[in-house]
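Here come two complexes built around chain A, the first alongside chain B, the second alongside chain C.
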Partner chain A sequence: MAVTRTSSVPDMVVLSGELWQELLKLVTAQYKVIGPVRRGSEHVFAPVKDPRDIDMAYVTTILPPKKVFHQPFQVLFSFDTEEGTLAEEESGEEKVLWGIHPCDMHAIAILDKVYGIEYPDPYYLRNRENTIIVAKNCTEVGENCFCLSMGTGPALRSGYDLLLTDLGGRYLVEVGTEKGRKLLSGLELVPAPRVVLVEKEKRLSQARQKFKKRMITQGIQELLEENFRHPIWEELMRECLACGSCTMVCPTCFCYNVVDKIDLDLKTGKRQREWDSCMLLEYAQVALGQNFRRDRDARIKQRIYHKLLYYEPQFGTLGCVGCGRCIGACVKRIDITDVVSRLAESVESDR
Partner chain B sequence: MINPFKPEIAVITEVFKETSDTTTYTFRFKDEETRETWSFEPGQFNMITVFGIGEAPISISSAPSDTGFVQHTVRHVGNVTNALAKKKPGDVVGIRGAYGTGWPFHQLYGRNVLIVAGGIGLAPLRPVIREVMRQRDRFKEVEVLYGARTPGDMLFVREFPEWSEYVKLRLTVDTVPPGVKWDHKVGVVTTLFSEMSSQPSNTVVLTCGPEIMMKFVVRGLLHMGFSPDRIYVSMERRMHCGVGKCGRCQIGPRFTCKDGPVFAYEELAALPEEVLGGVGR
Partner chain C sequence: MSTKLKVSVYKLSSCAGCQLEFLNLEPVLLDLVGAIEFSYFPMARRRYEPGPYDIGFVEGAVTCGEEIERLKKARQECRILVALGSCACYGGLPSIKNWTPERVIVSRVYENSSLIHSIKAYGIDEYVQVDAYLKGCPVNKDELVEFIKGTLLGIRPRLRPHSVCVECKLNEYECISVIKREPCMGPVTTAGCGALCPSRGKACDGCRGPANDANAESLARTFSEYGLHRSDIVRRFRKFAGLTQEFSRGADAV
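Coming up: the complex of A and B.
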């Protein structure tokens, strides 16, 4: 990413000990920070007041950072049932999204396309513009991670405002944009020698060795197109509970429902959109009860085909970034990488 | 930034009950500039809001050359459409649009046009018929096949005499209740194929109705030699945004709201049949 220097903050610095703590203190004091925080045995992205609450060693979070931009509940406008829409207030508070992983950054880049094209979505884009993204390369790999095979990790190349890499007790900080550089401006910094990039690469190639899961992406589109009626879908139908958990935790899922919430005076209210899931029965139901995806296998296929086949013509990219959250969230342990492998194997053995 | 989710305010100026469950509403945008600049293509739809109830996609049933107002013919079958049934002239609704692809109207110039509609499916085709009437010389033979459940369920009956001066109109109903006089055909809309005068050569087909009807219409016409690349269908799906964001209306890789609702038949025929909702299984 091209960087034009406007201040004395160098493009690349190494922070350790006190300087690192000072950066965290400065940022949390100046901005609303949303970062990885431990909750019981899991992690979530949550507002951070005390920098000590940030857990940089997190592997994954329950919900992806998508929720900061495409919010689970978003008020579209207020209305009066007799008059129509009412004037709305805009909030322009600048936030910092701290420590997101490359897979989630890639997912945000996909959502930028979904919400940015044709009829740009003002709510998503407003949240996006107001947020400074500090990403973190992955030097540790979770049991469900398969970003390496999707080409979305463990190292990030673009999209971030600042990029962190854990070099063991000290952090390499790379500036991606002027928005990111701003975060470093209160510190006394010296440029890092280019040789730290060797150390960075070493850590990242070590991480690449740790992946246990991979998605077969070669020929995946033909594989899916040619196997729409494969028996595997019926097997999955018997497994899957159609609970929608996989879609709720997905960083690229964008579907929503819209509801009018009426106030107690029965006169005014708010129109709100809420995350929805193609795995749920009502999703494709229209008036008079007709449902275009009543059968569970149709909904399972919709999810998998959308992610791995339909995003491409729609947005010019695969719809999966290999974060593995859907695998972890599934109560029946359905694994999208395993589904594709089994499909590929059965086709191979039929040849 | 323009907010595509905020509807324009429109006032109901006229309510006409077409049948026991279907009403044609005439709306007038409150904002003068919108009223003067707003335009659409035949076959497009609007998202209509009943504030406090919700929003639903409804096709436009007036013609682009009907200026100063817009009409929607609504069958009262869901939350929003049932709430609309309680509205009267002077009441306010929200309208945003027009969205989606229209019928390939300019492709119809110099050609024969065959329109096949079932039930409420005639509503998005009325703009085509009205435009054909106003620009009659630009088209060759124009024939309309229309089927409904019973004679009492037929829409736009009051306009049929005028339509018949410009286009060949053939009607059929599924059943005729006892005591009702009916001079036309009885049976599904494809039973009209045996008596229609339309020929495959140089004819464009536009069809809208229940998916199962369109399936048999297309199958029948292909069998008779109509060209698959000149058949257009209008699809119904659940929609909550109209602009390709909410995801609800997807048919395979297509968004019905922006890639449709009018699709070239061949575009859908390329997809596995189950993607269309399995109506044919």
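Coming up: the complex of A and C.
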């Protein structure tokens, strides 16, 4: 009997105790796994060797998992001016991204459009194609989370290879793709009964009750268009440190700078790219020092307007997925949901 | 390049830690001396070659009249003059004395004040024109090499102008300010150090001086919210670059 069970992995299984541990062991033994691990009192996505290092109860991470595809520092190629250009070798190693929340999955879907359609980016796409994504629905909600308002969580509907839902001491595992099914193939599994979906839905609707933060999205385009000269921008200009943290931690920010790292022989070197940010003064500087966004409020507006207004015509979606990282990373506690609420309130009181 | 660039290294009032960084470049030092020649570098070479030099690195703050003279001579004999480290850039640590009367400072250290002719500590651009600033206490070795390479190639070297926070985030260091609520100078301080202090769990000290769009007043208000006394906030902004317009605004904010 056991033979027929292992040969075909069911679409939906419930794993608890030993079986769950076995899955983690199997996957970490076979693949390079990148999962949520503790760093001080925060979390980061990092390579996992020992499955016990994975902290499935993480709320958020310093950098979003986009860093696996769009790396903070990426060598594009190394060059030798005497020999000609040499392409940088990339490892074709298959990776598993473990425990990605729905907000970050939606952000990856946006980056897939940014880097995959008009100007396909070979570096991003190579990293993306080599990665199996194990997503995890959110049954707990962080203080800065507002994915519910953005329609990007706490439940994920598509885009995953495997999807986990914590049912309290056991996990519902749903198969999204054949790549995902492959991860389960070494285990003896029985299909989960349909009724487990009722339990899943119960957990997720409980999670929906836990949100404290909310973003007003109705009429947000008009609201922003009509309030470009609102006094709130001047107030933010006085507060904002222009440190760039909000954009560094954003899962949908995609800007980068390209720099040459030349060796001391001045003949060889590497061309690399690294994340850049529209919040930084030098970002909009051009030749001879002219700068199109010298004023801090212009940069603050650029960030918020890009996320909430300019993404839509570019990518057919809002550029914010409600992960709350920009709020959590801000030394001045500047809160994008609060900015929008205050704009809406002031419009309301004007009427 | 047929002839090597001639380099000179001068020392004013300083701890010599910045010029020591040249010698700490061990892994690339041999490559470096293949490209440049240390024509005047008293710490490292007994033999001096006369100027003019292509690049002159000046370490230290100007704290007496005699140093002004030496600095002006250095300017004359160097094609490119570089402020090496935060003392030369802003006055650095010696500049903490600038807010106390000279007489009080002198008597705290010396028995016979008649021998001391000390003046307020300034960065070198108070007296001469400066072509480049390498910030930090001490300077960052990678930036030092990056600057030399840029000069050899005749291109603008890439020195990070933005806040330390960017490097902190790129390396995913735990945020000293948000998580620990410690008065970290990172948000207003120039990057380029790789967020060295936060990488060790310590708040940024601001040693590299103001970033290109430093909002020191706002950060000073946050320090106040963290429970810092006014005098402590002033001390934080005056430790390395209190003479700069940006950090003096931070010191005066609360």
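Quick notes on this structure:
Everything that follows uses one rule, which is that the second predicted complex is superposed on the first by the 338 of 351 C-alpha atoms of A that agree within 3 Å, B and C clash if a C-alpha of one lies under 4 Å from a C-alpha of the other, contacts with A are read in each partner's own complex, and residues count from 1 in each chain.
By our rule, a contact is a pair of C-beta atoms (placed from the backbone, for glycine too) under 8 Å apart; a residue touches a chain by one contact, two chains touch by 3 or more.
As the structure is a computational prediction, the values presented were derived from the model and not from experiment.
Within the superposed three-chain model, A:232 lies out of touch with both chain B and chain C [touch as defined at top]. Taking chain B and chain C in turn and counting the residues of chain A each one touches, the greater count comes from B. Of the two partner chains, neither chain B nor chain C is touched by A:19. By the touch criterion stated above, A:344 is placed in contact with neither chain B nor chain C. By the touch criterion stated above, A:82 is placed in contact with chain B alone, chain C being left untouched. When both complexes are overlaid on chain A, the residue A:298 reaches chain B alone and has no touch with chain C.
In the overlay built on the shared chain, the residue A:73 is in contact with chain C alone; chain B does not reach it.
Touch criterion not met for A:197: it reaches neither chain B nor chain C.
Of the two partner chains placed around the shared chain by superposition, neither chain B nor chain C is touched by A:109. Residue contacts after overlaying the shared chain place A:262 against chain B and chain C alike. 259, 262, 266 are the residues of chain A that lie in the contact sets of both chain B and chain C, per the superposition on chain A.
On the chain B side of its complex with chain A, the touching residues are 1-7, 9, 30, 51-55, 75, 77-78, 81, 92, 94, 236-238, 240-241, 243-248, 250-253, 255, 258, 272, 274, 276-278.
Within the complex, the chain C residues that touch chain A are 1, 28, 31-32, 34-35, 145, 149, 152-153, 158, 161-163, 165-166, 168-170, 172-175, 177-179, 184, 186-188, 201, 211-215, 217-219, 222. By the touch criterion stated above, chain A contacts chain B in their complex at residues 76-77, 79-85, 114-115, 117-122, 125-126, 228-229, 254-260, 262, 266, 269, 271, 273, 276, 278, 283-288, 290-295, 298, 302, 305-306, 309-310, 312-314.
For chain A in complex with chain C, the residues that touch the partner chain are 39-42, 44, 62-63, 72-73, 238-245, 248-249, 259, 262-266, 274-275, 277, 280-282, 296, 328-332.
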